[in-house]
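Per-chain numbering from 1; labels A, B, C and D assigned in written order.
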Amino acid sequence: MSEKTMEFWRWPEYRYTMPNMDWRGAKIVTAGVDIGSVGSKAAVMLDGELYAYSVMRTGGVSEETAIKVTNWALDGTGLKTENLHHVVGTGYGRVNVPFANKTITEIACHARGAHYIYGPSVRTVLDIGGQDCKAIRCDEKGKVVSFLMNDKCAAGTGRGLEVFADLIRVPIEELGKVSLSLTEEPPPVSNTCVIFAKAESLALLRQGWLKEKVAAAYHLAMVDRIIDLLTKVGIERDFVITGGVAKNIGIVSRLERNLGINPLEPKLDPILAGAIGAALFAKALYEKQIGLR
Amino acid sequence: MVAEVFETFREWIDNRHEYARAWKERAGNKVVGYFCTYVPEEILYAANILPVRILGSHEPPTVTEPYIFAMYCHLCRDCLAQGLKGRFDYTDGIVEGQSCLHLRQAFNAWRLHIPTDFAYYIHVPHGIQNPHAIPYLTQELAKFKKALEDWTGKKITDEDLDRGIRIMNRNRELMRKVYEYRKLDNPKLTGLEAMEMVLSSQMVDKEEHSKLLERLLQELPNRKLDRNPGIRLMIIGSEDDDRVFMKNVEALGATFVIDEHCTGSRYIWDDVIPHEDRLFAIASRYVKRIPCPSKDWPEFTRLMHSVRLAKEFRVQGTLVIQNKFCDPHGIEIPPLKEALKSVGVETYPLEFDVTVPWGQFRTRVEAFLETLTGLEELF
Amino acid sequence: MITAGVDVGAKYVKIVLLEDGKNVLTRANGIVEFDVRKSATEVFEKALLDAGLKHEQIVQVVATGMGRKAIHKISPINAGEVVPEVIADAKGTYHLIPTVKTVIDVGAEEGRGVKVGENGKVRDFVINERCAAGAGTFIETMARALEVRVEDMGPLALKSANTIPMNAQCCVFAESEVVTLIHSKVAKEDVAKAIHDAMAGRIASMVLRVGVEKDVALIGGVARNPGFWPPLKRELNTEIVVPEYPEYVGALGAALLAFETEGQK
Amino acid sequence: MAQIKEYPTEPLKIWNEAKQLRSKYYEDYLTAYERGGLRWAGGAWSFSIIPAGLGEDVYCLTGEPHGATIAFFKDFAAKCHDAVEAAGFPRTLCSYMRNYWGSILLDKYVLADGTVVDGHPAPDFIWQDHICCSHGKWYQVAKWLEEKKGKKVPMYCVDVSVGYPMDKPLEEYKINYIVQQLNDGIEWLEKVTGRKYNDKLLCEAVWNEIKATRLWAEICALNQAVPAPLDEKSMYSLYVMGTLMKHLPECVAFYERLKAEVEDRVRRGIAAVANERFRVITDTQPPWGFLQIFREMEKYGVVSLGSLYTYGLIGMWEYRPDGTWTPKELPPRKPQTREEALKMIVEWTVNRPEWAHFYLPEAKTKMMLSIVKQWNVNAVLLHYNRGCEGLSVHIAENRLGLQKAGVPVFPFEGNMGDEREFDFTGTLARLTAFFASMGLKN
């Protein structure tokens, strides 16, 4: 693909099945399907343990995406959707998961998923999603205590990064690394609005700034914005980050530096938090249904 | 039966302009559009004029750009847009009772750019907590009454004023009675229905509206709503006639059991207490009524009222709506949050704009409801 | 006498070579890379090649567009004058449509409304402010969310007869409404229409600031998008003329101004 | 191109005095207790003459100028905004108000030179007016915030919402409504401060304010001269005295000396901008963090002569029978009694030009057109100020009115106190386009 037609904005898509795990022995098989505004994820769990998952871009028809992403997660496991005891849908498109038994918001699911991924010490969850950013406070059970979502501006979100990746022509998953490749931090771009931040970055590039430097300035602006949100909800340790952007080292390292708090290391892909949380709720719901609780 | 009544309210709202035109035909009297509930409709009824509240249509108000800078709330721009689009062309005049800068601007733009026979601005005092407000407003109202008389060429007698007061008091009292049924464990009406009741009362002849309310009150006791009321919510905030939002929220397993805004309880809560000086009586009502925050200083009396409502109606959670750029309401969000928290009621703020992004709001509202129920049994 | 107009826009360089202030000899364009001067030069040479001309045959060059300063009195292009877009827009449109009174120019990052006076002079203008920018970018990201090609967005919108009001004061805000629509299973063509309606509404409300006087012309890259025409006509309730090569009008205006400045010498 | 005429120019002699007065003001408030004095806070628009009757050791902190001072120091302002948003307030509120609340929340205080001292000095009482949707609420919340920090601050707020007298004076009952509130206010002040009120000091203060506000108008009138002796950027540092202490003799004395100097500049043809060739006025408060925009304008030979805001917030004006707009005549004599003083100041205040626009856009447009005519103005730059609902209200109507009269208008969006809402590069680009369309080159 030539540089001009390359889709820098496109997030990677992938699936995985845990080796040496077999659903045939499992009592309860559940799935969580997280249809986000940009990315969709499915997590399949055996008795509350993560078994298989998939991550792909949300398409123009969310029903299809829901089916696609779930089938992809089940791909090669021999499982069919009808083998799933219970399914919970979450994310923007949660109502469009045809085979879901219930929907629960991504707020609740991310808190619970973070609890699974990072352990019971988690008190503050930052989820940087496709088009919004959530700061969630939760208790030792992974239950939401309070939460805030950013206002309508998409600054500090995945979509903002897409626009930017296109602009400086760097694949989106490398943006963070690129933004850290200079020793000196520039001032952040002054605009938090995606459109204006883009225009401003373009101006900087044309003034001859290196794309690495502009990337740093853009990431700094995103981080400032995210910190505003975090301070509003109030950060209590342990602090963790979920969602696709959690893998952007340029964001994470700057958050660490500017907040003076190190987020916990994820044991699993943090983009899955919502789907995992949903699958865990599905397990609980199923147990309730069959009288186990 | 009950359903029919609420259906009629809904139709009145959806066909408000047709209604007003027909009324004008029938009664052969003037129709006046008003911007804010601080306009004393008593005096307009006394003059046999039909007051109709000017509200928006929730379409992006493109046409207002030359007249109102977009940093003012969507309500004032949307109201003006209705005028510029000629949707209120049947009104003979417009009146504003002083409240916020936003609506004042809509009034002035209307006065300057839309041909209208009568445009009147009542300087309703802001200092409602000071003792001189009532005598002052009494004189403002006398001036207003005189202006109406000169315009219609007809004297407004004390009897006329008594009639106006009677019409307004009766309508408010009946609606408050309906509100009583929202206190029940399983309310006899939804928040949407309550909103449509009050909203329609601002658009149609109050006497006709009251007749319907009396029918409603006969049958309401026997009504069984076959829906789980779910979480008992209160909605507080800026002017809010977003019926879609009400409907959507109540579909998520909740019921609005009370509200504190000017398309609801704030409009109907207080009556005019008779006094031989009728204008004094009316002035007293508008100074002492549950205030718009734009007038509520130095003490936060409205917050205390909201807390009382939350207790009376056994509210579990509150959604606080701020129309973007509505400073009077925006300024009070943290004090309000604190006041309600002190009685164990959580709040969640939402910023409304001309169109409401339900997708984003659904997640917020649903998550807020989840925190109220705690999804307890699933942990 | 041959003059050149160079419009260094947010996304593309557009160049017009003009003979005697009348005949367009050639039009050329190319993407603006980070090195603006280099990109502009490449397109300039392409244009000379097309027209079979040598650089020294170009008597005067006037530059416009957000990147214009990069070639102002800087060789090789060495533009003698630079003018803001609104002035070039007015000049170019007036040349093509002498009856024009209002010009609407919608590009990738910016929207403009220009009131045109006698001889293509600017009487008044408006350029979108902070929250109402990015018309072009908006369509692009939305095309992505809808999984359709950018160029298919307009035709797709024309297939729909439904109206979904959308607040597009801020296009990013509008975007979240779009995503909501997608998830609530609204047909793609309806969403596409809603997007164009919203964008047209935003541009219209801006143009209304300067007031709409006939004839009204629509220029700039987005003018090629047919999905944008009906809502804009509706919002402004007027007919709209789209000249041939709408994206070159600014460059043409610059070339005309180059011709005039020479004439004055 | 024709050689551009260069005028002689020189800095203002009174400059340092202005600076000192302003720093002293903020320090006096901070250190009031050291002199056994009292501190009060309230709006600059308000009847600051009333607390003056409590004694000469009563120091005030007016909120809007303080908000502007904070805005000038962008970094601190940004911290204020974050603190206010973190407290749950919307970011769309009045930016002066957010700057002020922010410094309470951060418990910091900014001096005129930008020095940030720890501890926000809480007032002993709040004396405010309610001119816009925010003014009364502003201090109601300030009171609420102070109380959370453990200090109960009593508050009195005057309602002035009686309208503006365009063609005929306001009815007696409207004037009385305000006068009565001021009378009550005086009793209230005695109660909360435990001090005996001094009517003589009141009369002095009223007379000072009336003289100061007429003097400022006379100074602004001198800017009709070509070349203009003052440019708006410097005027900001001069009119501010009126927003801080218009009731004090120091203010009167300062304006007398300033008037003398400006008269002298006019006599000698001293210009504010050497290459003056295009005269503009602006409107509403500027984006305080970006005053360099005026320097950019000078590159085009553009001088801003001021605005209805700089002329009419502090300056008092009136229309003559011949239709000219001139500094308002002083009342026949200094007030002798409380009643006389209150009535005089109320009538004086409701006639303030920077009050008209709240009610009657056409009244403001009329005054702006008078300025355009009498000051030989070529164009008007309207700041659509997202930071101030109060002064931006009806501004679009003013634009229409000016254009109808054939005046070129350039509107630009910004925010007086929140830099996130002012796009300097973008605005400059548009401004450049405007000047170019006016045939100006830099």
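Heads up, the rule we're going with is that a contact is a pair of C-beta atoms (placed from the backbone, for glycine too) under 8 Å apart; a residue touches a chain by one contact, two chains touch by 3 or more.
None of the values given here were measured: they were computed from a predicted structure.
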By number of C-beta pairs in contact, which chain pair leads?
-> B-D
Most widely separated chain from chain D, with each centre as the mean of CA atoms = A
Could you put a whole-Å number on the gap between the CA centroids of chain B and chain C?
-> 45
When the C-alpha atoms of chain C and chain D are each averaged to a single point, how far apart are the two points in Å?
-> 42
Distance between the centres, which are taken as Cα means, of chain D and chain B, whole angstrom | 36
Where in chain C do residues touch two or more other chains at once?
-> 130-131, 173, 176, 179-180, 183-184, 209
Going by the touch rule set out above, which residues of chain D reach two or more other chains?
-> 88, 423
Pull out every residue in chain A that's touching 2 or more other chains.
-> 92, 132, 151-152, 196
Draw the chains as points, connect those that touch, then say whether the picture is a line, ring, star, complete or other.
-> complete
Within the complex, chain A is touched by chain C residues 10, 31, 34, 36, 67, 70, 109, 130-131, 133-134, 137-138, 141, 144-148, 170-173, 175-176, 179-180, 182-185, 188
Contact footprint of chain B on chain A as seen in their complex = 92, 104-108, 132, 141-147, 149, 151-152, 281, 284-285, 288, 293
Inside the complex, what are the residues of chain A that reach chain D?
-> 151, 190-192, 196, 200, 203, 228, 231-232
Contacting residues of chain C [partner chain B, same complex] = 131, 165-169, 173, 176-177, 179-180, 183-184, 198, 201, 204-206, 208-209, 211, 235
Provide the residue numbers of chain D that touch chain B in the complex, in ascending order.
-> 87-90, 92-94, 126, 130, 132-134, 136-141, 143-144, 155-159, 161-163, 171, 173-174, 177, 180-181, 184, 358-362, 384, 386, 389-390, 392-397, 400
